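Common to both upcoming complexes is chain A, partnered first by chain B, then by chain C.
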Partner chain A sequence: MDLQILLLLGQDGITNGAIYALLALALVLVFTVTRVIFIPQGEFVAYGALTLASLQAGKVPGTVWLLLALGCTVAVLDGIRLVREGRFAKLPPLLIFNIGLPLLAAAGLFAMPPTQLPLAAQVVISMLLVVPLGPMIYRVAYQPLAGASVLVLLIVSVAIHVAMIGLGLLFFGAEGSRTPPFTELSFELAGAPLQGQTILVVVASASLIIGLYFFFERTIYGKALRATAMNRTGARLMGIPPVLAGKLCLTLAAAIGAFSGILIAPITTIYYDSGFLIGLKGFVGAIIGGLASYPVAALGAVLVGLLESYSSFYASAFKEVIVFTLIIPVLLWRSLTSKHIEEEEE
Partner chain B sequence: MLKKLTLAVLATVSTAALADINVGVSVSATGPAASLGIPEKNTIALLPTTIGGQKVNYIVLDDATDPTAATKNIKKLIGENKVDVMIGSTTTPNSLAMMDVAVDNETPLISMAGSAIVVEPMDAKRQWVFKTAQNDAHMATAIVQHMTDKGVQNVAFIGFADAYGEGWFKEFAKIAEARKLKVVASERYQRNDTSVTGQILKVMAAKPDAILIGGAGTPAALPQKALKEKGYKGLIYQTHGVANNDFLRVGGKDVEGAFLPVGPMVVAAQLPNDNPVKKSALEYVTKYEAAHGKGSVSSFGGHAWDAGVLLQNAIPVALKKAQPGTKEFRKALRDAIESTKNLPAAHGIFNMSANDHQGFDQRARVMVTIENNTWKLIK
Partner chain C sequence: MNITPPHLHDHEVILDVKNLRVAYGKVEALHEVSLTIRRGDIVTVIGPNGAGKTTLLAALMGLLPADGEIVYMGHRQGRDREVEALVRHGMTLVPEKRELFAEMSVEDNLLLGAFDRYRTGHRDQMETMDEVFELFPRLEERRSQLAGTLSGGERQMLAMGRALMAKPKLLMLDEPSLGLAPLIIKEIFRIIGELKKTGVAILLVEQNARAALQIADYGYVLETGEVSLAGPSQELAADPRVIEAYLGLGNKQR
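And now, the complex of A and B:
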């Protein structure tokens, strides 16, 4: 192995690690705020990438129908409650946000073929189609069970994951897609070629992480999420509705997932079921951070990316074995060094 | 009187229903092999519903690329639907899982899987199993032949870390060694991997004249894209598992110039007119594209079509010996399929024998290259 191979592998590992880091952060965020182990995180990656790909292929992505169906379900669920409580004034915004906007999106896609739009506009449309799925899923699946045990919430997550994979196959078909690169630039670094797209992934991930930091430190919503993560009951007493916190953090998780998908779609082929494995590697990173610490989770995810890259060189047949076996020593170390505190039942 | 009449009518109806031929089908229409299973499922819908004057019912179930589900499907189809013959499944592990049930119930099984172990070595169990897809060995020989013609000496392999990749590597390494080709590197990757940089760098470090990518469907485009990106200049070979249009769509200009062996059906229109497979292959292509649009046909659906071709040939023979729904009919059907001779199908000419339950010869494959984003026959 010479220096060039070392550099190329490192570059590859950091690119993948950056994506895993984003997903690890989203997983930690969702877990600390809602105690949900968000297995469908990876599906948002696939949905984001494939929605963009179908827009570029001139097809109406199936995500529109899912958005519409979920929107209607949310509208019915919340509508019944509002009518019962006699809060009619809240009905119009509910209907506009959950049915009106998805309908508008569907109509817009049929009226104007998105193939002619610039790439940036296509990215925005894909994000707008995928991200609202997050809070809607929270409303339909998690909100009625918000007080349930971690295990019940995990089972719900598995159910959503399986449902989303099945729908993904229906929407996008069995074959994968790639999107054209955002940039064709290419550099030379110490004799090793460096693709512009790779730099873009790393820079975009890093700036998103910095953005998240400022969101949590400086904005009232970010602080509300942190408060909920620290102490759910306390935050509630301070007037932070847990429903708002839940919806907000799933919106963030969906946005991070979809954005990661759009970032990696030009580098690799994405399938309807690719998201799970990517999400799982983010999860390994999150586990290294004990599902609590953001910086450790991000570093852990980058470590996973590097480990994956180097093991694919040395022992390609055992790559996944090596990556996922990493969990065992990490768990051992964590259980020996940290004091175990029983989760308080609410 | 009325009661008697009703009974008589009912009796006729039920005997008619008994005389129908029931064909059970289990395909992997979802799961990892979905891109193979979906065209197979579509093709079953195009098969004739009357053979030898008898009505044929096709009962299609999805096994989700899961051997357990495949076993469940065949048990249900044999137990509840009393099928006379089974078609399935898409993948080798699923076909092997179904084999035991088929043998226990003495029901012929026609598999569409690639690996030769479905029908070889011939034993008491495999008596009941037939296979319409070319054996990997057929295809591997064609690749090695092409490599030696091009003067290749060192060759590397990168394939799926599963039964497909392993099976291909074993076949390929065996034949390559016999033809004095040196395999200098062998790497594996997962079909849903997002990067193969590590493997590609290692393969390239071994400086091979040619690289064979042992993958199926769109995931096989990833190593070739990485090879182009890293500036590999040698020959690149793919397997017949990539022969669908999605591979071309995902691979784009990076897969230009790859060589691969395919069933003649894939390039049916380009075959010379004296090719014995041309007519039967075009028949399938025309039918499929009429139903699903131009350019929609893939080689995998052809294997399901060929299962239908075998049945259309064998069922009239078996009908002379026994009634559908009976053990004797299933036995007669098995014997009839085994004695198939010179039967042109979409992928080749079937010549079955007691020892060969696949039945294809070198007419069942051609070498093609990818040119202008389409398959081009190498004459």
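And now, the complex of A and C:
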């Protein structure tokens, strides 16, 4: 073991850790605001990466069908309520956003597969196809159960996770994809090669984290989300609807997931079910932060990344075992040091 | 018994409640409660612990399902009325537990009080906040402090200030004097009196009957879920039944 390998492994660990950190933040966000343990977080990583890959391969990504199906479901669910309440003025935007735009996207993709577009445009299209799935899933699966216990919400999460994996196999097939790197740049750091893509991942993750920090600290919508997490009743009394908070959260979570997927697609081969393991590692980070603290969750996730990278070198057969075993001492320490808090009654 | 208040002021009726019933399972917490609140009035509901006062406010605010007729600002409210819709139309509740955002600054708590106004396109939060600071200078001194670190009196002030940020038409206060020192209570009630001048209607639920009746225009006595007495507050304060049960013979309660 020399310095070069040490640096190389560290580089790898930090790159993966940055992605895990993003996912850990999304998990903490969704849990604190909606009490949902968002198991399908990882599926958004896979969907983001594979949607981009199918666009680049000149195929119409199956994501667009899911978008259309969920959009129609949302339109029916909300449409019935609006008609019953006589609020017809709200019908056109509902139909345009949930059915019109997905149809337009499907038509656009069929008419002109965006293989020739620059990479940035392809990334934007992939995000636009994947991110709306977040709030739509909230509307269809979680909103009717807003008052349910954490356990029921967790069971729903598992169901969505399984469904998304199955659909992922249907949409993208069993073979993995890897997208071309965003940049071919390469540097040398103390004798070890440093890929431009690695720097890009770390810089993009860090800027996203800083952006999230400003969103939560400086904007009234960010503050409203924090307020909902702190005191649900208080937030409702201020006219912050739990539904708005939930949709906003899942939009952010889906965006973070899809963006992470697009970032790592050039580094690792992503399969339809790769998201789960990646999300689970973010989850370990989130657990280290007690599903409550953003900075601890992010640092925990980076630690997971480093641990994974070094253990893959020393004991590669036990890589996952070592990473997930980390959760046991953390849980032990947490349960010994923290007082038991009763679940909030609604 | 006639429990509709006489038209002391010919003001616009803000809230008109008839035969409100709330049940927790089979246990009825409120039975046929009726009350009326007009613009610029302070109406108080006094009564002992467990009489259903907090339940009444929760039902009015839409936090609990209730039967009966609730007409707010001329609109009849359905059984599935939503808190958010009522907030949008100027109804605010300062709950007994204050429900502040403990890990946020005083300023952010206040700002979120105007969340719905911001969402509907109003951008006058800073001016409203200055008005709130005028009413509660203590909050201005503490503006960057976390709400969780405030004293009891300051928390009550913040909860009231946060509600005022929504520019309410009806302000409902649940036990604002709860757990506060006498001097602070006096200050809080002085401010409630000042708010009356702004034209906001105030529904004040209190166990501290003496202070509440002093400041209110009209009062209701709620006992085991029913209105047992109602009348202009001076009359109530002079009623032997109220004196015996809630005011004591010249001895200050608490």
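The working rule: the second predicted complex is superposed on the first by the 346 of 346 C-alpha atoms of A that agree within 3 Å, B and C clash if a C-alpha of one lies under 4 Å from a C-alpha of the other, contacts with A are read in each partner's own complex, and residues count from 1 in each chain.
The rule is simple: contacts are C-beta pairs under 8 Å (C-beta built on N, C-alpha and C of every residue); 3 or more make two chains touch, one makes a residue touch a chain.
All figures in this text were calculated on a predicted structure; none of them were measured in a lab.
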item	value
First (chain B), second (chain C), both or neither touched by A:Ile220	second
Touch count on chain A, higher of chain B and chain C	B
A:Ile264 touches, of chain B and chain C: first, second, both or neither?	first
First, second, both or neither for A:Lys90, with chain B first and chain C second	neither
Partner chain in contact with A:Ala174 - chain B first, chain C second, else both or neither	first
First (chain B), second (chain C), both or neither touched by A:Phe313	first
Touched partner set for A:Met230, first chain B, second chain C, both or neither	second
Touched partner set for A:Lys59, first chain B, second chain C, both or neither	neither
Footprint overlap on chain A, comparing chain B with chain C	none
Complex contact set, residues of chain B against chain A	30, 32, 34-35, 37-38, 161, 187-190, 192-199, 201-202, 205, 217-219, 221-222, 229-231, 244, 246, 249-250, 252
Footprint of chain C on chain A - complex, ascending	220, 223-224, 226-227, 230-231, 233-241
Residue ranges of chain C in contact with chain A within the complex	61, 63, 82-84, 87-88, 92-93, 95, 99-104, 108, 111-113, 115-116, 118-119, 162-163, 166
Chain B-touching residues of chain A, taken from the complex the two chains share	5, 8-9, 12, 15-16, 166, 169, 173-178, 193, 195, 264, 267-269, 271, 273-274, 277-278, 308-314, 316-317, 319-320
